[in-house]
Each structure stands twice: as C-alpha cells, then as structure tokens.
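Next come the structures, one after another.
The two complexes that follow have chain A in common; it is paired with chain B in the first and with chain C in the second.
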Partner chain A sequence: MGPLIDALPFSYTVSVIALGAAVLGLTAGVLGTLAVLRQRTLVGDALAHATLPGVCVAFIATGAKDASTLLIGAGAFGLIGALLVVGLERSGRTRPDAAIGVMLSSFFALGIVLLTYIGSLNESGQAGLESYLFGQAAGLVERDVTIMAALGLGALAVVAALFRPLKATLFDADHAAAGGLPVRALEVVMTALLVVAIVIGVRTVGAILMVAMLVVPAAAARQLTGRLAGVLVLAGLIGATVGVTGALLSAQSGLPTGPVIVLVGFLVVLACLLLAPGRGVLWRARKLARDRRRLLVEGVLIDLETALHGGPPPTQRELALASGRPRRALRRALRDLERTGALARDGERIYLSESGAASVHAVLERRDLWSAWLEHGWRLELPDAREPDPRDLRASLGDEHADRLRALAAEARS
Partner chain B sequence: MSADEVPLHSGGGAPALEVRRLTVSYETRPVLWDVDASFPTGALSAIVGPNGAGKSTLLRAALGLIPADAGQALVQGHPARAALDRVAFVPQRDAVDWDFPITVREVVEMGRYPVRGWLRRLTGEDRAIVDDALERVGMGPFARRQIGRLSGGQRQRVFIARALARQAPVMLLDEPFAGIDARTEATLLELLRELRAEGRSIVVVHHDLGTVRASFDWALVLNVRAVACGPVSEVIVPQTLRRAYGTDAVEDGAEAEELRWVR
Partner chain C sequence: MSSDLVILLTAGLTATACGLLGPFLVLRRNALMSDAVAHAVLPGIVVAYLIFQTRAPLPIVAGAAVFGIICVLGIDALRSTGLVKWDAAIALVFPALFALGVIGISTYATGVHLDLDSTIYGEIAFAPFLSLDVLGAELPRTVVLGGAAVVANLAFVALLWRKLKTTSFDPQYAQAVDVSPARLSRMLLVAVAITAVISFESVGAILVVALLIVPAAAAHLLTDRLTAMIAITVAIGWVSAIGGLSFASAADASIAGMMGVVAAGCFVLALLAGPRYGLAARAIRRRRAGRRARVALGAAGEGGAAA
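And then the complex of A and B:
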C-alpha cells in the first residue's frame, strides 16, 4: 500500500481513507451487481445488518478493538444470517421478503442490545463500536486498507474466474442446471461473495446503509450498458468513484461517512436514470414527444390535403372544424409545417407548397404501405425474424419486401 | 461445421426420452402420478393436457431440476442425470428476466458453454456454430441487440437458437408457442420439422391440439396421470381427450379445436 499512498496527491491520512473507500466501492459495486441481478438486494441488506451483532460478539469475546478481529465476527454473522434467511425461505412457511424482514430486524435489534451492553461495561463509551452503525472513514489505518484490498482482490478474482458459470446461472438458472452446472453451489458462492463485500465495507459505510453501496453502482451501471461484463466493470468504477468522493467529503466535513457516500451515490443513480443515452427517462420522454409531434404534423398534412381535394384552400378555422383537432395542436402543427416550407398562404387561406405536396405524397405512401402490411403481410416470406416498425415500415422490412408488399396490394386491388 | 454433420450418438434403439413410474409432488399434492411414457427417436412428440396437468413438471423432473418422489427418467437409454449432454432444454420464456444485461449472441453462446467446458473460452468453431444457430432461427441481424428490445416471438427464437447451439440429439421444449405470433410459430414449427428430418428427437410441451394433430408424430396426453401415449392418430382422439380434459366438448375435430380456449 505504501507506494500507492505516496503517489496520491493528498496527505497520508486522507490518502489512506481515499484508498480504502476506493477498494470498498470497487468490490461492493462488482459483487453487489451479482445480488442485484439475482433480485436479492434485500438479502444484502439483511446480511449487512447481521454484521452488527457479529462485531459486538467479537469485541466481547476478545476485547480487541482492531478492525480485522472485529471483521471476522462481522463475516461470521453475515454467513449465519445468510444461512438463516435461506433456511427460513426454504421452509416454505414465509415469503422471501417476509423472511428477510424478520432476519434483518432481529439481527439489528440484537446488535443494538449488545452495543448498549458493551456501553454499560465500559466507562469510556462503547469502544467506538457505534461507528459500525453509520460508518466512519476517518479511523481507517493502512493495515485495514491492506486487509480490505486483499479480501477484495480475492473476491474479484473469483468473479473473473467463474464469469461464464456465474453469467449462465444469473441469467437462466434452469437452463444452466439442465446443462449440468452446479447452480446451487454457485448461488452459495455468490452469497459468500456478498458477505465479503459487506465485511469490507461495513466499517466505513455502516451496517444500516451498506446496502446502498451494493445497489447504487449496479443500478447506475445498468442504465449505461446492456452487457454483463460492461455492467460489472462500470459498477466497480462507479462504486469506487462514489466511495472516494463520499469518504473525502465526510472526512473534511466531519459528517458520518455512510450517509455522505449514499447521498453522493443517489445523485449518480439519479443522473444515470434521467440521462442515460437511449434508456434514461428524459431521453425516452424526448423521443416520445418527438414521435407524437411527428404523428400530429403528418395528420394535419393529410387533413389539409383532404380539404384541398374537396374545395378551395381552407382557413385555419375551417381546417380546425374539418379535422376536429384541438386548436392548439393544429396551430403547433401548422407552425412546424410553415417552418419546413410545406405551406403556402393566400391571405387567410392555407395551401400546400410544392415540397408540402411531396411530403403529403410520402406520408400517404407510408400509410398505404402499412395498410398493405396489415392486409397482406402474412404472404411476405421474410427471410429472418425482422418485424414491422409502424414508424418506418420500409426501413424495418427492407426495400425489397416493401416493394413486394406494394405489388401484392396492387394485385389485390386490380 | 454445419448442423447436419452433428454426430447424433444413437441410442441403440432406446427411446429418446422415457419416464418410468414418475411421481412428483408439491408438498403432499401429487402433480405427476405414476407416469409411464416414452418418446421415440427421430420423432416430433408433444405433451398435451389441461392446465395443471404437470406437463412442464414432467420435463423439469426428467432433467432433475426438481426432485421426484419416485420413478426414473432415461435419455436414449441412459439415466437422464448422467446423459444431460445429450439433451438441449428450452425453458419457458417467462422464466428469465428479459431486462438482464446480455445480448442475443451471448445468450446463444451459452448453448456452447456446457459443450466446451464452463470455464473455457469459446473457440472459432463455437462461434461458427453460434452464427449458424442464429441464422437458422432468423436472428442473425439481431445478434448484437440487448434481449429486452426483442418481441416475444424473437425471444423464443433466441431460446431455440441457444438449444440448437448445444447440438444435442434430444431437444425438450417447454411451451415454446405460448403467446407468440403466428408467423414465428409457423417458422419455428418448420424448423422443428427440419431438425426431425436431420434425425433429432424433439419433445414439446404444447397446448394447441390442432397443431399437434397436424404436425406432430407422437403425443403424450397427460393429466397428472398418463392418459395415453402413442402415435398422434391413435392418441389424440375424443375418448382420451375427454378423459384428460374432463369435458364432453370433444365430439369432433372442430370442437377439439375449441379446447385450446377451454384449456
């Protein structure tokens, strides 16, 4: 760790904290992703809460305050918690969420009772154990970080080595089992890895909020990529970034580390949910609005064409009456059309410019093609699994099949 | 290497899939009761029966995915658990999370994992087999797409491609035609017929008696117990269907058609 710490542009203490937070964020991000994809994030929450009594028991048993001894207790209780949650679920007497709820609250209650008991033993407070509730980055020492890094590297190496079996189990456990994969054993491995991630992080982030470090990076990374390897790598990077940012902010401000890290993480998830290209909420909303606008404009073009076909160029009011569209929508569509040069005006009266006539022609042709698809689509022998896209049928079917469709429709008309 | 060159290790005359005295219970309620059935090699076979008849359970128990109370399953004459390499399984589509971060191609590659070894990298040969499987189900142009952006029919094609990539002589499909469009159903049914022509044995859990009668060779009519098992022409008849579905609505073909809605 020494050279790495020296290389950072911070003071020694701050460098240690930053490194520790990076390690915890990286491991929690990657290992938490496995839990999120198994839809077992709440198990992570229960295990994190279960580490609290573990820390207390380790302290009572050994009297040691050093992090590594206490973390052994945390890990042991995490595993016990995992066994109990699975056992209670398998008993078939409670639903999984109820089983998790029972375990989470019971372990946490036991932890609080033990913390209070330890407090009563010792005049000088609770021996600093209460920092395991909300987390404290400030107390990290180089030895802790070294242990965290060793554990984390080990866990990440397991994920890398078992990547394909893990991927197969996560995606489709039945198919994997039918291919001879020991799915149950792999699920145990994933739960054990989850415990490792929690043990690494619980001192810095705290038992209550540890679940956020497992979920936040995965949730953010999933918005940015559609491949498992990508999600794992990005979740690790996001976790490390969030961890370091939060830990440094907390160390400077004196606020508890866990909540600060979690709030930073929340901002990252929020940004990804809103802005992720192609998937983010705002992105989708914009696309939807654009599609609706296009449909409106095309509809008004057709209305205008129909009106022109039946009589003299209509005024805007006449067009509104004839089309039955809300005035505002019509006005907006006409403005769009005006801007693209599709309209020509003769005083109050509106008619189509040359380019407007061409657009009408294109729209009508698209509509005809869609009608032809609905009527004759089944007769096309499409060479692959391509499917019609109502917004652009020609592009989705390919020119050859679109032409064939038109021929079929023409044949049926004659 | 194309799919036709696959060695279809023959079962030496044994049926592709056989279950003997299979009993499976959830809690204490038996969902399969003393079922004897066999599905011949090189045939397109269907498992039909009403909802809750244990159709999917039969496949899952045969593969050892759920424990059986009694009985055994044989694949080409070998105990099924020891012959998993001879079977390609296509689970129900809704069994997986379709928002999972994975592409079409990666799903199909999973069909190669058990063949190549779970921890090994795929070879050029594997990639060629995956390409071939994608082409056969018409999903070649969609290989790089995330699976969430597929239609129901396309998803089913991906699942079948994954099973094709497995290149196993026996293929078990659980409700592959439930809730998919007519075009995909026709394409996939045609594909299954081609596979049969290549000598593969196919067992499909299916609910549409019309298709079974028109396109399948062999059927097991199931309702917890095995009502009848044999060639379609002998088995999909009013007497057995009435015993399985417990309704009198099965007097002739037209009404048998309606069973798919009664189901």
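And then the complex of A and C:
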C-alpha cells in the first residue's frame, strides 16, 4: 500500500481514507451487482444489519479493537444471517419479505443490546464500535486498507474465475441447472461474496446504510450498458468514484461517512436514471416528443398535399377545417415546415414549395413501403428475424429488399 | 405513576400500536416497505423541528407523514419507470432519505434535543422525566403519545376492517369490487409512518421495525385467523415490553433493543413449536405420513403377493 499512498496527491491520512473508500466502492459495486440482478438486494440489507452483533461479539470475546478481529466476527454473523434468511424462506410459512424483515430487525436489536451492554461495561470501549452504525472513514489505518484490499481482490478473483457459470445462473437459473451447473452452490458463493463486500464496507459506510452501497453502483451501471461484463466493470468504477467522493467530502466536513457516501451515490443513480442514453426517463421523454412532432409535421404535409390536390391553395383556416387538427398543433407544424422551406405563401394561401413537394413524395413513398411491409413482408425471407426500424424501413431492410417489397406490392395490386 | 410503570406503559403501548398494523404488513407482503418508511420519517422529524423549532407532537407527526408519503411515492415512481426492480427501488430510496435525516441531525444537533443514539434506539429510559400538559393534568408525554397512537391505529383498523381484510387476502377480488389494494397499502404505510414517529422517542426509528414485523410474523406462524393473529401480535408485543424491561435492567443494556431481542425469541419459539406451522409439528407430521405410507405400501405388497 505504501507506494500507492505516496503516489496520491493528498496528505497521508486523506490518501488512506481515499484508498479505503475506493476498495470498498469497487468491491461493493461488483459484488452488489450479483445481488441486484437476482433481486436479492434486501437480503444484503439484512446481512449488513447482522454484522453489528458480530462486531460486538468479537469485541466481547477478544477485547480487541483492531479492525481485522472485529471484521471476522462481522463476517461470521453475516454468514449466519444469510443461512438463517434462506432457511426461514424455505421453512414454508414465512414469506421472503417477512423473513428478511425478521432477520434484519432481530439481529439489529441484538446488536443494539450488545452495543449498549459494552457501553455500560466500559466507557471508552464503545466509542470505536459506534462507528459501525453510521460508518467512519476517518478511523481507517493503512493496515485496515491492506486487509480490505486483499479480501476484495480475492472476491473479485472468484467472480472473474466463475464468470461464465455465474452469468448463466444470473440470467436463467433453471436453464443453468438443466445444463448441469451446480446452481445452489453458485448461489451460496454469490451470497458469501455479498458478505465479503459487506464486511469490507461496513466500517466505512455503517451497518444501516451499507445496502445503498450495494445497490447504487449496480443500478447506475445497469442503465448505461446491457452486457453483464460491462455492468460489473462499470459498477466497480462507479462504486469506487462514489466511495472516494463521499469519503473525502465526509472527512472534510466532519459529517458521518455513511450518509454522505449514500447521498452522493443517490445523486449519481438519479442522474443515470434520468439521462442514460436509450433508457433514461428524460431521454425517452425527449425521444417520444420528437417522434410525435415528426408525425404531426408529416401528417400536416400530407393534409396540405390532399387539399392542394382537390382545389385551390387553402388558407390556414381552411386547412384546419379540412384536416380537423387542433389549431395550435397545426400552427406549430406549419412553423416547422416554413423553417425547412417546404411551404410557399401567396398572401393568406399556402402551397408547397419544390422541396416541400419532394418531401411529400418521400413521406408517401415511406408510408407505401410500410403498408407493403405489413402486407407482404412475410414473403421477403429476410436473413434474420429482427424487426426493422419503422421510421426508416428502406435503410434497415436494405435497398434490395425494399425494391423487392415494392415489386410484390405492385404485383398484388395489378 | 412510578417511573418503572411509565416505562412499561410506554413500551407496551408502542408495541400495541405496532401490533395493530403489523399483521396487515406481513399478510400483504409489505414488511420491507414498512422498514423503508420507518427509516424515511427521520428527515421529516428534522425538517419539522427546524421549521417549527419545537418538539410538540403535531408538527413532527405531520413532517414524518409527509416524508413517509414521499418515500412510498418515490419507491413507486422508481418502480414504474421499469428501470430498476422493486427491491432495488426500496434500497435506493430509504437509505437516501435516512442519510438526509442523519446529516440533518449531525449538522443541527447543537441545541436540538435529537441525537443519533436516540434515533436508533430511542430514549425510553427518560420517559418518566418528560411530561405533557393535557387539559391541565401533567401526564407522562410518551404514555399519552403511545395511547394516542393505539387509539388512532385501532380506529384506522376498525374503520377500514373490511377493506383491509379483503385486500390483504384476495387483492384480485378486491380490485374487481373496486377496492384498490394499492391505495390501502399506501394508507397503511402512512399509518406506519405516523406510528414510527410517535414511537421514535421511545424505541427509536429502526427498532420500531422489530415491533412491527417480528411479533406479527410470529403470530402468522401460530394462527390462520386474522383477529387471532392481531390478538397474538399484541400479546407478543406486551411480552416483549415486560421481558425487555426486566432483562435490560439486569444486563444494563438498551431497553428498546432488548424488546426487539425478546420479540425475536418469541418468533423463534413460534417457529420451532407452533402447533401447525412450527418446524417440530411439521417434522412429526411428515414422519407420521411416511409411516402411514409405508404401512399402506406394505399392505398393498402383501395383498399383491397373496393374489
């Protein structure tokens, strides 16, 4: 760790905190993804709460306050908690959500009892343990970070080694089991890895909020890519970034580390959910608005062509009456058309410019091609089963198939 | 009133208020939503305190209710985007709100009688020292508030009994006769938020979850009848209150935490020794069924040999 700490442009203490937070974010991001994709996130919440009594028991048993001893206790209780949650879920009567809730609150209550008991034994003893509730990055020392990094590297190595079977299990456990994979064992491995991530993080983020550190990176990364390897790598990067940013902010402001990291992470997730290309809420809304506008403009263009076909160039009022469109929509579409130079005006009356006529022609041809596709598309014998893009059929089918489609339609008409 | 009695009444009334709602949460599979809501009321308490500069119950209850609703609507909104699954939606929203509350408390803690410890496990030991002026009479504040929560929840459950029952057991039918399960779930969670914030002073925002879920889950293992389930839940709540109080003073540990541990003990007992769904009863039944099957098979085998 020494050279790495020297390489960072911060003071020694801040470098240790930043490194610790990076390790925590990286491992929580990657290993949390495995839980999020299986919809077992809240089991992580229960396990994080279960580490609290583990830390206390380790302290009572050994009297030691160094992080590694306490983390062994945390890990042991995390594993016990995991076994109990699964056992309770399988016991039949208790449903998964109640099983998780019972484990979470029971372990936490036990943790609080032990914590206050230790506090009553010894005034100074409790001070260190309380940081396991809300997290305290400031107490990290180099040795802790080295242990965290070693644990984290081991866990990441397991993920890398088991990548293919894990992938198969995540996407379709039944199919993976039918293919001969030991799905039960893989699920145990994933839960054990989750415990490792929690043990690494619980001191810095705290038992109550640790679950957020498992979900935030995965939820953010999932918006940005659909490939498992990509999600895992991105989740690790996002987790590390969030962890370092939050830990440094917290060290600077003196606020508890867990909440600051969680709020930073929440902002990152929110940004991804809103803006992610192709998926984000705002991105989809903008695309929808654009598609609607395009349809409106094309429709008005054809209305105008129809009116011109049947008589003298219409006024805007006449066009509104003939097309039955709301005034405002019509006005907006005409403004768009005017801007692209598709319209020409003769006083009140509107007619199409040369480029306007060309675009009417293009729109009509596209529509013809689309109805030909709907009617005769099945006769094309396309090389693959993908649905073509309805907005630009010619480009997504290719000229050859588009021409064949037109020929088929013409043949059927004659 | 002696101070022990005040503490016992506070604990018991809190457990009762939680016990009236818990069975519905467990039956509707809303247990984890109640956990989320109980965490999310924290910023509501802080905001109400900062705005009104008082610990009077009404503004704080209102603030908590607002944030409880924000939490539920936030989770629903996240889910409805289809971008994250329900569990991730819960795990994103409540930590963020709780973190906001914790930061609020640590920032404005000076001069505010809120601190992180009481957030987590309450300060029921101080219950005898706080009093509230009710119509000229000085009554212990936490007992009055706990009693109010019990009355409010009792009224809530009694008024909506039919609807709660229908939507808990057969949501599709309820939907068909125009009783929206989603709306009732939201109302239930607002009641949870209000109960959580009233219990906040006595058992803390997180341990209230133990009283909401654990006794109800234990009762669910013991009976099939809703009224019996509620009665058992409330009874387990009082057992937890009494047991928690005596064990806590023996071990010199947090009373609220010990209440949770006693409730967990009751759950384990119900899980092991429940008359019908308990693990022991099931094992016996399975063994008997196996023996009967073997006897029947043996008889069939002999019959086949004789024929």
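By definition in this document, the second predicted complex is superposed on the first by the 410 of 414 C-alpha atoms of A that agree within 3 Å, B and C clash if a C-alpha of one lies under 4 Å from a C-alpha of the other, contacts with A are read in each partner's own complex, and residues count from 1 in each chain.
Everything that follows uses one rule, which is that contacts are C-beta pairs under 8 Å (C-beta built on N, C-alpha and C of every residue); 3 or more make two chains touch, one makes a residue touch a chain.
Bear in mind that the values here come from a model prediction, so they are computed numbers and not experimental data.
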| item | value |
| --- | --- |
| Clash or fit, chain B versus chain C on superposed chain A | fit |
| Which superposed partner A:225 touches (first chain B, second chain C, both, neither) | first |
| First, second, both or neither for A:39, with chain B first and chain C second | both |
| Superposition-derived comparison: chain B or chain C, residues of chain A touched | C |
| Partner chain in contact with A:328 - chain B first, chain C second, else both or neither | neither |
| First (chain B), second (chain C), both or neither touched by A:413 | neither |
| Contacts of A:309 with chain B and chain C, given as first, second, both or neither | neither |
| Contacts of A:386 with chain B and chain C, given as first, second, both or neither | first |
| Minimum C-alpha separation between chain B and chain C after superposing on chain A, in Å | 9 |
| Chain C-contacting residues of chain A that also contact chain B | 39, 92, 222 |
| Of all residues in chain C, those that touch chain A in their complex | 26, 29-32, 34-35, 39, 78, 81, 83-88, 90-92, 95-96, 98-100, 102-103, 106-107, 116, 120-121, 206-207, 209-210, 213-214, 216-217, 220-221, 248, 251-254, 256-261, 263-264, 267, 271, 277, 279, 282 |
| Chain B-touching residues of chain A, taken from the complex the two chains share | 37, 39, 92, 161-162, 164-165, 167-168, 170-172, 174-181, 222, 225-228, 230-231, 378, 382-387 |
| Residues on chain B engaged by chain A in the complex (per definition of touch) | 27, 60, 63-65, 84-85, 87, 89, 91, 95-97, 100-103, 106-107, 110, 113-114, 118-119, 137-142, 146, 148, 151, 153-154, 157, 162, 166, 182-184, 187 |
| Footprint of chain C on chain A - complex, ascending | 36, 39-42, 44-45, 88, 91-95, 97-102, 104-106, 108-117, 120, 133-134, 208-209, 211-212, 214-216, 218-219, 222-223, 255-256, 258-260, 262-263, 266, 269, 273, 276, 279-281 |
